[in-house]
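Worksheet: one structure, shown below.
Letters A, B, C and D name the chains as they come in the text, with residue numbers starting at 1 for each one.
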Amino acid sequence: MNASVAQNVERSQLRADYDLVRSETERLCAPLVTEDYMVQTMPDVSPPKWHLAHVSWFFETFLLGKYAKGYQVFHPAFDYLFNSYYVQHGKPFLRPKRGFLSRPTVAEVYEYRAHVDRGMRELIESCPDEELPTLHELITLGLNHEQQHQELLYTDILHIFSENPLYPSYKPLPVAEKREAPALNWIEIAGGLVEIGHDGDGFAYDNEGPRHQFFLRDFKLASRPVTNGDFMAFIDEGGYQRPDFWFSEGWATVNQYDWDKPMYWKKQDGDWMHMTLHGLQPVNPQAPACHISHFEASAYAAWAGKRLPTEFEWEHASQQVQQDEQGLWPGNLLDPGAVKLMTTDAASPAATMGDGPLHQMFGDVWEWTASPYVGYPGYQQARGAIGEYNGKFMSQQLVLRGGSFVTPRNHIRPTYRNFFYPPDRWQFTGLRLAEDVD
Amino acid sequence: MNASVAQNVERSQLRADYDLVRSETERLCAPLVTEDYMVQTMPDVSPPKWHLAHVSWFFETFLLGKYAKGYQVFHPAFDYLFNSYYVQHGKPFLRPKRGFLSRPTVAEVYEYRAHVDRGMRELIESCPDEELPTLHELITLGLNHEQQHQELLYTDILHIFSENPLYPSYKPLPVAEKREAPALNWIEIAGGLVEIGHDGDGFAYDNEGPRHQFFLRDFKLASRPVTNGDFMAFIDEGGYQRPDFWFSEGWATVNQYDWDKPMYWKKQDGDWMHMTLHGLQPVNPQAPACHISHFEASAYAAWAGKRLPTEFEWEHASQQVQQDEQGLWPGNLLDPGAVKLMTTDAASPAATMGDGPLHQMFGDVWEWTASPYVGYPGYQQARGAIGEYNGKFMSQQLVLRGGSFVTPRNHIRPTYRNFFYPPDRWQFTGLRLAEDVD
Amino acid sequence: MNASVAQNVERSQLRADYDLVRSETERLCAPLVTEDYMVQTMPDVSPPKWHLAHVSWFFETFLLGKYAKGYQVFHPAFDYLFNSYYVQHGKPFLRPKRGFLSRPTVAEVYEYRAHVDRGMRELIESCPDEELPTLHELITLGLNHEQQHQELLYTDILHIFSENPLYPSYKPLPVAEKREAPALNWIEIAGGLVEIGHDGDGFAYDNEGPRHQFFLRDFKLASRPVTNGDFMAFIDEGGYQRPDFWFSEGWATVNQYDWDKPMYWKKQDGDWMHMTLHGLQPVNPQAPACHISHFEASAYAAWAGKRLPTEFEWEHASQQVQQDEQGLWPGNLLDPGAVKLMTTDAASPAATMGDGPLHQMFGDVWEWTASPYVGYPGYQQARGAIGEYNGKFMSQQLVLRGGSFVTPRNHIRPTYRNFFYPPDRWQFTGLRLAEDVD
Amino acid sequence: MNASVAQNVERSQLRADYDLVRSETERLCAPLVTEDYMVQTMPDVSPPKWHLAHVSWFFETFLLGKYAKGYQVFHPAFDYLFNSYYVQHGKPFLRPKRGFLSRPTVAEVYEYRAHVDRGMRELIESCPDEELPTLHELITLGLNHEQQHQELLYTDILHIFSENPLYPSYKPLPVAEKREAPALNWIEIAGGLVEIGHDGDGFAYDNEGPRHQFFLRDFKLASRPVTNGDFMAFIDEGGYQRPDFWFSEGWATVNQYDWDKPMYWKKQDGDWMHMTLHGLQPVNPQAPACHISHFEASAYAAWAGKRLPTEFEWEHASQQVQQDEQGLWPGNLLDPGAVKLMTTDAASPAATMGDGPLHQMFGDVWEWTASPYVGYPGYQQARGAIGEYNGKFMSQQLVLRGGSFVTPRNHIRPTYRNFFYPPDRWQFTGLRLAEDVD
């Protein structure tokens, strides 16, 4: 294949990737009514309309504005309204006020998306050959960015609906047969001087590298995440009332907010119910515990006499899992098979798990680790606004691994490092236990 | 006319009144898009959708639920969602979360209105004769309640749009010729033992009575409200920087929020602009100053060497004004003549003011008085939820008189007592000066 | 008596008054240890050391600094540290930080007092005759100011001790015989066009005038304040749980702070105890209810089917009481007879009350009225820093009348207007009921 | 030496250690006046009186109460008042209210200390031989605990004095000759699989172990801490105004508190001054920068194009320093030689630094590392109240190494892990830079 042909193939593939991710975002929003697009229930939550515009702003600002000759911005004020946190790019509109913007309307935001899409397709087709590698890299970053917001859309829609006493449902609950969670086994994994971090093939965020050596002791990892049933035992044995299981800050949080159960749970006539994307539903004891903060995950581990794994242990162990064969790939919410696993039905049945000893490492729920989120040895934050992507958040957060059932499948990697603050629990977050080898 | 005929006339009139007020609410909302109905920019502001539902809830709860046989409530949860503050009726949905409710949708709320309207028309037509007086009284209260919310809708729409950097316009600004504010004269008014309060003819809120004697000293009242031009002088002479003009709490507020101008004003290229229902517009020095808190009104008066009138002085003086002939009746915002007066154009031209010495007492802007809002001698708060209407707010607020250009014309009375907290300024509030007679 | 002799008499009297008030402040502090002088338990409370210095600063600033030739200020920084709120005089040290000042020490503050006293005595003796009237007026204001702080010292010491789990006692509880509260009678008082306000004889604050006419309807006043026993019935009948008795803001306060009893009360083994200046003591049902906010006073009145009197009613009624003969004059805390009345023992026995029908109008507890604190007709705030004394507080507060058992006896007047915010209750505040005459 | 003799020697040594540490605490407080003991300027600060009592409470609770037969507690309420955070031991008195306690008095707290000391000496002398090892361990923990509070006393006294506009001085500034900071060199240190953590000889906190292997890359460490002069350049070049140097949370903190300089600095007539234990003094450009938060330390490093070292790098590098010969041992504040180094004078002169390449690793200022504070591999938190010492704080804090000039000399160890939150800067905290080897 000569260079020109290769370029054309690359352009075609890029265009196909672009269209796939962009259309998935809109497909995901199809069940929403106009009013749903407007709501911001807390500063951490953005209105769906804002997500739709912001991911487009990324392409307009970092691609079209810099590389597309003659591109006309859709609206001059959008650069201010839909910038999220890139403070080096300009002072963004205040985050807690995103729900104040009735204009532009939802329809106008969809027009904005179409405008940007036209520009991007034109740019992919017509950019000079020598710019293609740079554009390819930036577009890939933009698409990964949009995939992150796809997951956030699910997260935020659930939070928005959870604040409504009518318990709206994003999607009807599919009928499904009951399944059991896999048995809990402790898998011993040999340590040593191991390699951690992305090796450079395919896309990865800068925070996944540099790949480096890390000395690990031998350890054991639970074969599956903690289930709702497990977590009920913690509640029943007074886990939320005993300070000795908690970090000092966690205990303060428990008392400040009167926590006594995972987020979205409520007791109704003696039974545990929880708010889900299918509305209010019974809690399934077989499904992985979800909407757990790092504080709760740590307290659970202390109560169980175990600990959370480090992110190094998790990543090293995950290499034993063949993602395609053995992992659980729930796809996304429009795939009923995936959804039912999380909510009503048993989690990953053995049949779909392959023969490996570690179950549900990928998909299902993000798993909190014991590792604070910091740069790997040799990590250098990129300069300029685009460099704000990851490095500036390397303070006070904890690493989560594995992806959840609303994470786009091709957005999950063994080296992927998600991060949230220890009290955060509106994401789809759970835990898996570890312990030392004596 | 025999009793039966009289009853029929009464029913017809009641139905006509009901339809007029209810349709006016919807006419007022016609310029809004669906997204506008959703926004809550601060706890004091309610989303327009909530206003539309809440005023209907009033009829459903206090009329249909009690008097209409076989009435089916539209939705069982609405009683919780759209109760405002009647704590004796039940715990209301939290005020600051009204903007979280994407469901019911705007369309569903309009269906709710239609459902209530059908029930109300049926009730008016078919209720037993002996219940008609009670229903008449309650319906009149409900319509006055809805008129209050019509004014709040204008107030809240302005606040919602003011938080949007796109400066949306509720209504285009009409073209109008320039006019001058009337000259400022000091009208001396004789005091003595005067009568204050509503005399019982026609509807009035309970807080407007009992009519009672009050001893007034002679006083002087300004012939017109303070204008924007007047207020600019206060700003220019350092009014916001000199503590001696301010109440202690007012001065604390000035410093806490960095106040240095009326709400909605901003300086642009050296000129004062302000956010209005027509979008961002130049401040007209001839129009009455508006969006002024009681703290600012009091400080302005101290700076001017005058004082605010008491509500007793204001009411007594207002009896000299023939409302129909001399007052300014701006009607409502869909009447362009009214709107232009407030924003671009001169305020009440002499031609429409009659020959009386006091101008713009009714309409234009609510005028802060020096009087704290308390019950009149002999005032008794009604028992039960309906009694919560006025009495429970008789703490910490100040009385305003006269109505604004967005107050429905037939909702303005000389005895009408509006009330807000001293730092409040998102209402259409201004001031008129008074002074002692030596 | 010629002018010169008269002047000498005046100087002697002034010196005697000065010494009396100043020494009383120090006598009042005698039971304190050094550590007690340092504590600030909330922004409203000042450390006793600060009170001692601040009242001296008043004399240094407004008398010595202006009229005493060659006076050397004690310390240049004290003008900043011990200014309270006279913002026109200069930016004061932040109120909530008064407890941060370990230096100057208590001993140094007493030296400061002695230094100011020497200067003041010298000034009283040697000022030019023509300045004496002005000085006399200012010194009288300064002494009244210091008397206010004497009362605040008691108030603040109680608050300071109340926050200490050791329940320190300011003064041992005297042994006393049990007495009964007077029977509750309703005294009808004729209204009409009455005179309200100070008539100009003797010292009064500017807010007590101008004397003016006020039209009062006939009314009834309770013969005695509400007792602790009365208030227990309000508690027992769910007064703190029923919103219909409360102002909207009061109800919010009840819920925000979980109020279910007066300040300083606590239930111990089924009995009501309260923190007093004698430490933790049983609540005496015969004594007047105390440490009640305006919100609670108003709710109590609503529960009782009565109302609070206006300040005009109170003042008019009080003219029937001969203070010297009939009122209760508890003197001050160092007089055991006074103290026991408030805390363990029966309130004002008939023997000391005279034959009048109204009991305990003066002394015992400050009585909340229904009247917001505003200027009387014709009131003009004095200009300059000294004018900040009263006028700038005429917003959001309510008037209290009558004085408490810790108010210096000669600081109580029928026209005296005390004022606090409606949720305030760390002062010695109670209530007396009123009702309309049908 | 037979067992009995050895025991006697051990008891003598223990008694001597006990007396030394306990008397040092009182010697440290000698310059304070009674009022100084009372002040709490923020929740993080405890009044010196509280420190004095709390460290005694530790011995009373964990030693005397459990092991001393017939011991009478000094006061039953002290267990509640002077418990700090051992929530498993009982609910402690609220931290922000420690400054409210005027009683017990300072004199009583010194009596409490004497009472505890008598009990402890008796216990050391007379406890059964078989209990001696346990007691030895607990007493050593108690003495180390008291040494931590000695450092906190300096820290808190400085904060208390800093809030006083009189700028009190804890100790006069000694006269000293000017010295220069050592030149800044970059010392390359070889990595590999190194040993980290305490090896078990002598006392160490549980968080200093287990000793374990860690793989380190080669790195370079600055030969000395960042100086005030260095930091002035950061300020001058807009370091506090450029978001790209800061973590996202750091930037929010900068804006929330308007940070534009280290804590305690203020500009006076164009010169940098700072509040010190000698009162307000000029900032010495040669001394190490101090009172820097982790946010500022990280931003400085980003501005300088370097990074903070990890705690593993720091500990590994520190093994090259002979503490006794080469390190700077400022002793304590009563040693003038130490104090002058920090404030006016040059930092560690080469003469006292030995010949090693790394200067001022121990003493001077605590050095922020890039390492979040978490347990080492295999770390197990001890159960029970005493186990709350370290483990429960392993969330959200960062490790500091090396000790400061107010850290007791024998309380400094290469493996010592101090920890604070990233915005904290009232401790004596600075930084040293590191960089990668290419």
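Details
The criterion applied here is as follows: a contact is a pair of C-beta atoms (placed from the backbone, for glycine too) under 8 Å apart; a residue touches a chain by one contact, two chains touch by 3 or more.
All figures in this text were calculated on a predicted structure; none of them were measured in a lab.
The minimal number of chain-to-chain contact steps leading from chain A to chain C is 2.
On a Cα centroid basis, the chain most remote from chain B in this structure is D.
If you average the Cα atoms of chain A and of chain B, the two centres end up 48 Å apart. Centre-to-centre, using mean CA coordinates, chain A is 39 Å away from chain D.
For chain D, the set of residues touching two or more other chains is empty. Of all residues in chain D, only 85, 87-88, 193, 212-215, 217, 243-244, 246-251, 295, 298, 302, 370-372, 374, 377-378, 381, 383, 387-388, 392-396, 422, 436 touch chain A in the complex they form.
Of all residues in chain D, those touching chain C in their complex are 33-41, 49, 77, 80-81, 93, 97, 99-106, 160, 163-166, 168.
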